[in-house]
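Just dropping this structure here.
A, B, C and D are the chain letters, set down in written order, and residue numbers restart from 1 in every chain.
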Amino acid sequence: MIRPDLQENFARQGIMATFGATLEEASGGRVVISAPITPAVSQQQGFAHAGLTFALGDSAQGYAALTAMAEGADVLTVEMKINLIAPAAGRLLRAYGEVVKPGRRLVVTRGRVEAEAEDGTRRDIAILQGTMIPV
Amino acid sequence: MIRPDLQENFARQGIMATFGATLEEASGGRVVISAPITPAVSQQQGFAHAGLTFALGDSAQGYAALTAMAEGADVLTVEMKINLIAPAAGRLLRAYGEVVKPGRRLVVTRGRVEAEAEDGTRRDIAILQGTMIPV
Amino acid sequence: MIRPDLQENFARQGIMATFGATLEEASGGRVVISAPITPAVSQQQGFAHAGLTFALGDSAQGYAALTAMAEGADVLTVEMKINLIAPAAGRLLRAYGEVVKPGRRLVVTRGRVEAEAEDGTRRDIAILQGTMIPV
Amino acid sequence: MIRPDLQENFARQGIMATFGATLEEASGGRVVISAPITPAVSQQQGFAHAGLTFALGDSAQGYAALTAMAEGADVLTVEMKINLIAPAAGRLLRAYGEVVKPGRRLVVTRGRVEAEAEDGTRRDIAILQGTMIPV
């Protein structure tokens, strides 16, 4: 389920359209965003670039923060840490975001990105931990 | 100045072509990568997405690590932290990467990304700190 | 339950004795370390200093990595990120560490620190995410 | 040179007294804090514990933020990332903090910690990057 104002907010992210990304879920502090792994997002060895993994994981956390806020609210990323734990190989990436600590001044969030192989098996490729600020 | 094998490595990064990014410098532990700010890389408020800032800053650090290694060597990002300190507004982003601590097992790096406005003025928008692993 | 070699390893950490810290659990990738909040570990406002929170959370992750390794193995922290989400107030801190991704070259870990109030209620005060290297 | 209110703030940090730490400089956005390496702050291999390195580096950044604020102001650490780049061996640690981006809502800071050997030679052992919030 996705709140209409979040769907509209997502549609304004040009980079998500460039990545062919989809906001699959966004409610109750939980968000899922997916995007295909294609040559257009590769790094030098053919895996998806850490920039894609980061962008999806970061956005999933931003929308997780927004699900806990009033309609029309917005956030910016203050800082984000990513640990890359396996190569981003397969047919698509799926990023999950959640709120660890909501707040009026700052929102602390956590994320996880998995890669789905051609045969449908899934493997975690990154974990993230960051801070969002309401604007 | 750019070592030919690094230029060739950069050319294999599909996401850099998608971003219209250019490897401007890569020698002696110092790297510069730039990319235009366009609607195709925007976030919801029209600024460049943190995913672009991250991708350029991360890649600049990866090539900085490679300038200190033998030809044909390659690295992967182990982890990366980014602090976003100003909106990514203007006509282009320019990312700088440097090696803080070279090593056979791990390379510690640091990065900085600036935005260049339409009138040519520059402003730091992000600092990064991370770890690369030779592969 | 605690493996004897880990208990012995912990006993060699002078800073843990200085903090009056106790290794409460260390098995199967899960570790718990606690320490009292006293004036000897305070910051300027009387809360426990972030240095204590970090030290306990970092050590809990190090021992979590060791529970997944052979007896006599040891690790060093490569890097660690901490988000402080509430003041470290109360009578004691309790840190939890877990392994996210084991590995021969690197181990990715995650941690959480809670404060226990005088009345026994518990509150999360920090989350951590880091990398350990076998030595 | 040290502003009297910062010296007084530092004196209220119980953990700094426990560590035998000294605020050596604190003015104009630059701070230096040192502490001896003793068995009371060791990790299991006899080096200084990452918790000491973190505590000194974090505090140096907090006071760096305060040098740019009005007398009597205070900050808390929102988040901090540390990369440990060499063992903390020698007779003392010396931490440096600086402000990267001042701000009314958040202050972005950077730090560095060096170890001084018995013969006086110095070696960088850690770099840090974090966020402080005025309280």
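In this text, a contact is a pair of C-beta atoms (placed from the backbone, for glycine too) under 8 Å apart; a residue touches a chain by one contact, two chains touch by 3 or more.
Small disclaimer: the values here were computed from a predicted structure and weren't measured.
For the pairs A-B and A-C, the larger set of C-beta contacts lies at A-B. Chain centres here are C-alpha means, and the one lying farthest from chain B is C. Rounded to a whole number, the gap between the C-alpha centres of chain A and chain C is 29 angstrom. Remark: chain B and chain C have CA centroids separated by 34 Å (rounded to whole angstrom). For the pair chain A and chain B, the distance between mean C-alpha positions equals 20 Å.
With touch defined as above, residues shared between interfaces to two or more other chains in chain A number as follows: 78-79, 81, 83, 131. The touching residues of chain B, counted against chain C in their complex, run 78-79, 81, 105-106, 131, 133. Residues of chain A touching chain C in their complex: 81, 83, 85-86, 100-101, 108, 110, 124, 127, 129-131.
Residues 9-10, 12-15, 17-18, 38-45, 49-52, 54-56, 58-59, 74, 76-84, 87 of chain C are the ones touching chain D in the complex.
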